[in-house]
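Look for chain A in each of the two complexes below; its partner is chain B in the first and chain C in the second.
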Partner chain A sequence: MPDKLITEEKRVFMTGNEVVAWAAMAAGAEIMYGYPITPQNEIMHYWTRLAPKYNRRFLQTEDELSAGFTTLGGVMAGRKAFTATAGPGNTLMQEPLSMAEAMRLPTVTIIQQRGGPSTATVIYSQQEVTMTTFGGNGEGLRIVYSTANHQELFDYTIKAFNVAWKYRFPTFILGDGYQAKMRESLTIYDPEQRGIEFVPAEPFVGKPGTPGVDREPGHYRNTYNVEEELYDVLQEFFADYEKMVPEVVEYHSFDTEDADVVVLSHGVVSRGAKEAVEILRKEGKKVGYFRPITLRPLPEKELKELATKAKKLLVVESAQGQFGKLIKNAIYGGTAEFLTLYKPGVGITTEEIISRVEEIL
Partner chain B sequence: MSIQPPMPKCWRVETKPHKFCPGCGHGLVLKALGEAIDELGIQDRVVFGCDIGCSLLAWDFFNVDSIQTHHGRTTPVMTGVKRANPDLICVAYMGDGGGYAIGSQHLVNAAARNEKITVLLALNTVYAMTGGQMAPTTMPGQKAETSPYGRDPELTGYPTQGPEMVAAICREGAYVARGTTANLKQLKNYIKKALQNQMDGNGFSFVEALAACPTNWRTNAEKTWNFVEKEMPKYFKVGEKKVPGAEQREGQ
Partner chain C sequence: MADVIKIMLAGEGGQGVQSVAEILAEAADNEGKEALYIPNFGVEQRGGVSIAFLQISSERIGAPKFNTADIVVALSDRAIYRTKQYVGEKTVFVYDSGIDIPQEDLPKEAAKLLAIPALEIAKNELHPRVFNVIIMGAVVKATGVVTDKDAKNAIEKKLGYKFEQNPKLRELNYKAIERGMELV
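Let's turn to the complex of A and B:
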C-alpha cells in the first residue's frame, strides 16, 4: 500500500473540497468521521475514494453530533481524526466542539460556510464567523483560519493538524461554498519535502500498561464539582491561549502606512478587496488593505494600531457584521471612523468595494 | 480493626467511598462491571465512557482510562475510540435518559451498524441528577416531578423497552440482555458475555440493568427493593434478548 498520495510538487486544477481531502491526506490525517451537508460533501466523497488506498479510515455517522463526538473519540484514541460540516451542521457540531474546548482536544474541523440562519441557502455566506469563533457554551478557546483561495485551503488544512496537536485547542478551517465548489489552480506538495515537520499524535486513552498498576489512569472529564475548580482550570487555559497567540496569529496587509481608508475583510471577500485597493492605489488614492487570516485569535495589536493611524476603516463582509463585531472589539479606543459594507449571504465584487471606498474617501 | 468491603480489583480505591446517593443502583452495576473486568483480565484494555447525569459520578470510579462526555453522547465517543483503536475494549455507560431519550439516535444507529462496543445502561425510571423528572422509562401511573399525578400513557406513551428495541435492530453477532441489580450474579454474567462478545469481535453488545433511585422515588429500603424486584420487571422482563449464534440454532 503506498504511503503517500502526493510525492512531488505539482500544479493541479481542483475544487476546494477536493483540495481539503488531499491536504488532509498530506497532513497524515488517519480517520475522518463525517455527515453529509452541502456544501462540504465532496470532502467526504474524495476522502472515501482515497482513504482505503492509503490505509486511512472513514465513518459516516448518523448526524453531526455523532460526527463531532466520534472525532473526539478518535483523537482521544491517539489518531489524527477530523471532520467537516456547514450551516445547521455547524450548529449541531458546536456541542462536541465545546467539549473539545473543555478537554483541550486537538480536533480539526473544516467549515464550508453556507447561508443562514437555519437552512437558508446551500451555496455561500460568511455567516458562520460568530458560531465558529465563539460558538458553544464557553469562551471560544479555538483557532480559526479563514482561507481566501485554494492554495490557502491546502496550506492551512495541513497547518491546522500541526497547530491543533501542538497547542491542543480545537482548530478550524473556515472556508465557504464558493471555495468548496469552484475549481482553481494551486500547487500541491508533500509537506515533508518542504521541511514541514509533523507534530505526532498521542493517545489520551489506551497507553501501554495497566492503569492503577503500571501508570495512573487517564480520567478525562468536562464537569467540575465547584465553581472555583472550574475557575482555576480556565485560568490555565486562558494563560495557555494567551501564550500561544503571538505564535499563531496571521494576517496579510499592504499600503496601510499612509492610508486614509483601510479596507478590512477576511476569507474569499479579500480577493475583491485586494484588487479594489490595488486599483485605487494606482489611481493615487490613499487606501490600504488588511486581512486577518486567523479570526481567532485576531491580530489585535496590529488592528489597534490601524485604528489609531488610519482615518477610516471599512469592514467588508458577506454577513451583517459578524466579522465587524470582532474588529470593533479589537479596536476599542481607536480613533478611526468605523464604516461598513455588509452583504449577508451574497458575494461582494471589486467594483462594489471601489464604489464604497470612493463614497467615503 | 476495620474490615474493608470486598471491592473489584479494578475499582480505584482513592475515589471510594463513591459519590452516589445511599441505596443508588449505580454502585451495584459498576460493581458487576468491575468484577467482570477483573474476571476477564482486561483492565489494561478497557476504556470507560460515561454521560452527564448521575453516570458522570463514575468518571474516576475505576483504574481504567475513562472519558466523561455529554448527555447521550457516550455511545459516539466510544464508537470513535473503538474505530480509531480496535484493540481497546470500549464500554459506554449511561442512564435511561442518556440512552433512550437524548442519545437514542446514537444507540439505534450504533446498534444498526453493529459497532463493536459495549453499551451498559442503568435504568431507574427517572431522570435522577436533574431532580426526578419523568424518563422514557417511567412506569404507567408512576409519579415523577414532570408527571406529578402519575404517568398517563395516553398522554406520554408507554415505557421504552430498550433491550427489546435494540435486539430488533441488531443483526448476527450482537448480544443483548436485561439484568437487574436484584440479581447481581446474573447481571455480572450478562456484562461478562457482553464484554466477551466485543473481545471476540462479534458485534454490538448491550446490557440494561434495572437499578434503584431511592432519592427520587422517595422510598425507604423496603419500598425501594419492592419496586426494583417486583414492580419494574412487570414491564422490563429480565433475560437475554439476543445471543450470537442463536439465529443459526433457531434456523436448524
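Let's turn to the complex of A and C:
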C-alpha cells in the first residue's frame, strides 16, 4: 500500500472540498469522523475514496454531536483525527468542541459556512464566525484560520494539524460554501519535501506503565467540584493561550500606512476587498487593506494601531457584524470612524466594495 | 488589473450549463491560465434556473462572483429574466432563438444581442444531448478564452471514458462544438 498520496509538487484544478481532503491526507490525518451536510459533503466523499488506498480510516456517525465526540475519542487514542461540518451541524458540534477546549484536545475541524439561522441556505455565508471563534460554554480558547482561496485551504489545513498538536487547543479551518464548491488552481505538495515537520501525535489514554508509579497520571477533566479549582485550571489555560498568540497570529495587509480608509475583511470576501483596494489605489485614492487570517486569536496589536492611524475603517463581511464585533472589541479606544458593508448570507463583489469605499472617502 | 473575462451561463436544470462551465474552466487551466468556476447551487439543483459564474484571466482572480458579465448565455425564458441584472453596456447577450419571449423583455442595454438556433440544430441536425456542447462552441468563438483544440481536449478528458465505448459520440461532440462556433 502506498503511504503517500502526493509525492511531487504539481498544479491542480479542483473544488475546495477536494482540496481539504487532499490536504488532510498530506498532513498525515489518520481518521475522519463525519456526518453529511451541505456544503461540506464532498470532503467526506473524497476522503472516503482516498482513505482505503492509503491506510486511513473513516467513520460516519449518526449526527454531528456524535461526529464531534468520536473525533475527541480518536484524538485521545493518539490519532490525528478530524471532522468537517457546516451550519446547523456546526451548532451541534459546539458541545463536543467545548469539551475539547476543556480537555485541551487537539481536534481539527473544517467549517464550510452556509447561510443561517437554522437550515437557512445550503449555499454560503460568513455567519458562523461568532460560533466558530467563541463556540459553546467556555471562553473560546481555539485557533481559527479563515482562508480565502484554494492554496490557503491546502496550506492551512496542513498547518492546522501541527498547530493543534503543538499547542493543544481545538483548531478550525473556517471556509464557506463558495470555497467549498468553486474550482480554481493551486499547487499541491508533500509537506515534508518543503521542510514542514510533523508534530507527532501521542495517546492521552492507554499509555504504558502504572499511573502514579511509572508515569504521571493523565487527568483529562471536563468536570470540577469547586469554583476555585476550575478557576485555577483556567488561569493556566489563559496563560498558555496568551503565550501562544504571537506565535500563531497571522494577517495580510498593504497600503495602510497613509490610508484614509482601511478596508477590513476576512475569508473569501477579502479576495474582492484586495482587488477593490488595488483598483482604487491605481486611481490615486488613499485606501488600505487589512485581513486577519487568524480570527482567533486576532492580530489585536496591529488592529489597534490601524484604528488610531487611519481616519476610517470599513468592515466588509457576509454577515450582520459578526466579524465587525470581533474588530470593535479589538480596537476599543481607537479613533477611526467605524463603517460597514454587511451583506448577511450573500456574496460581496469587488464592484460593491469599490462603490461603498467611494461613498465614504 | 489583469484582464478578466467574465462569463455567465444560465439555463434550466439538466440543460448542462454547469458541465459547459466546468469544461471551459478545465480547458483554460490546461492552457496555464487562471480560471475560477462557481456553480450557483442550492434549490436550483432541484429544478429551476441553474447559473454558472466563470472567470478566466492571466492572473489570480478576485471575488468568485461579479455584478456585470462580459458574456451572458441564457438558454430558457426564465434564465433570460434571471440574468438580466448581470448585463451591462459591454455585455454580449447570447440566447437561444427558439425561446418565445417578447422582444422588449430582452436586456436592451446589452452591447450586442445574439440569438442562436442551438436547440433547433441540436434537435434536427445533431442530437439533443449535445445541445450544451453547441453552446460551448458559441462561447469559445465569442470570447476566445480558449482555443477550440483545448476545448476539445477538455471534453475528451471529461467524456473520454464514454467515447471509448462509443467513438461516434466523440465525433458528435466535436461536430457540435464546431457547429456552435459557426453560429457566432
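Convention: the second predicted complex is superposed on the first by the 352 of 361 C-alpha atoms of A that agree within 3 Å, B and C clash if a C-alpha of one lies under 4 Å from a C-alpha of the other, contacts with A are read in each partner's own complex, and residues count from 1 in each chain.
Simple rule for what comes next: a contact is a pair of C-beta atoms (placed from the backbone, for glycine too) under 8 Å apart; a residue touches a chain by one contact, two chains touch by 3 or more.
Predicted model, so just to flag it, every value in this text is computed and none were measured.
Once the complexes are laid over each other on chain A, chain B and chain C both fit without any clash. One of chain B and chain C touches more residues of chain A, and that partner is B.
Judged by the touch definition given at the top, the superposed model places A:Glu278 against chain C, while chain B stays out of reach. By the touch criterion defined above, A:Phe69 lies against chain B but remains apart from chain C after alignment on the C-alpha atoms of chain A. In the superposition on chain A, A:Ala77 contacts chain B only, with no contact to chain C. When the shared chain is aligned, chain B comes close enough to touch A:Ile31, but chain C does not.
In the superposition on chain A, contact of A:Gly209 is made with chain B only, not with chain C. In the superposition on chain A, A:Pro96 contacts chain B only, with no contact to chain C.
Closest contact between chain B and chain C, by C-alpha atoms in the overlaid model: 29 Å. Comparing the two interfaces of chain A, the one with chain B and the one with chain C have no residue in common. Of all residues in chain C, only 1, 22, 25-26, 29, 34-39, 41-42, 60-68 touch chain A in the complex they form.
Across the complex, chain A meets chain B through its residues 30-31, 33, 57, 59, 61-63, 65-66, 69-79, 81, 95-96, 99, 203-207, 209-213, 217-223.
Across the complex, chain B meets chain A through its residues 10, 12, 43-45, 47, 52, 56, 59-60, 62-70, 73, 76-85, 87-88, 105-106, 108-109. Listed in rising order, the residues of chain A touching chain C in the complex are 13, 39, 121-123, 149, 177-178, 181-185, 268-269, 271-272, 274-275, 278-279, 282, 347-352.
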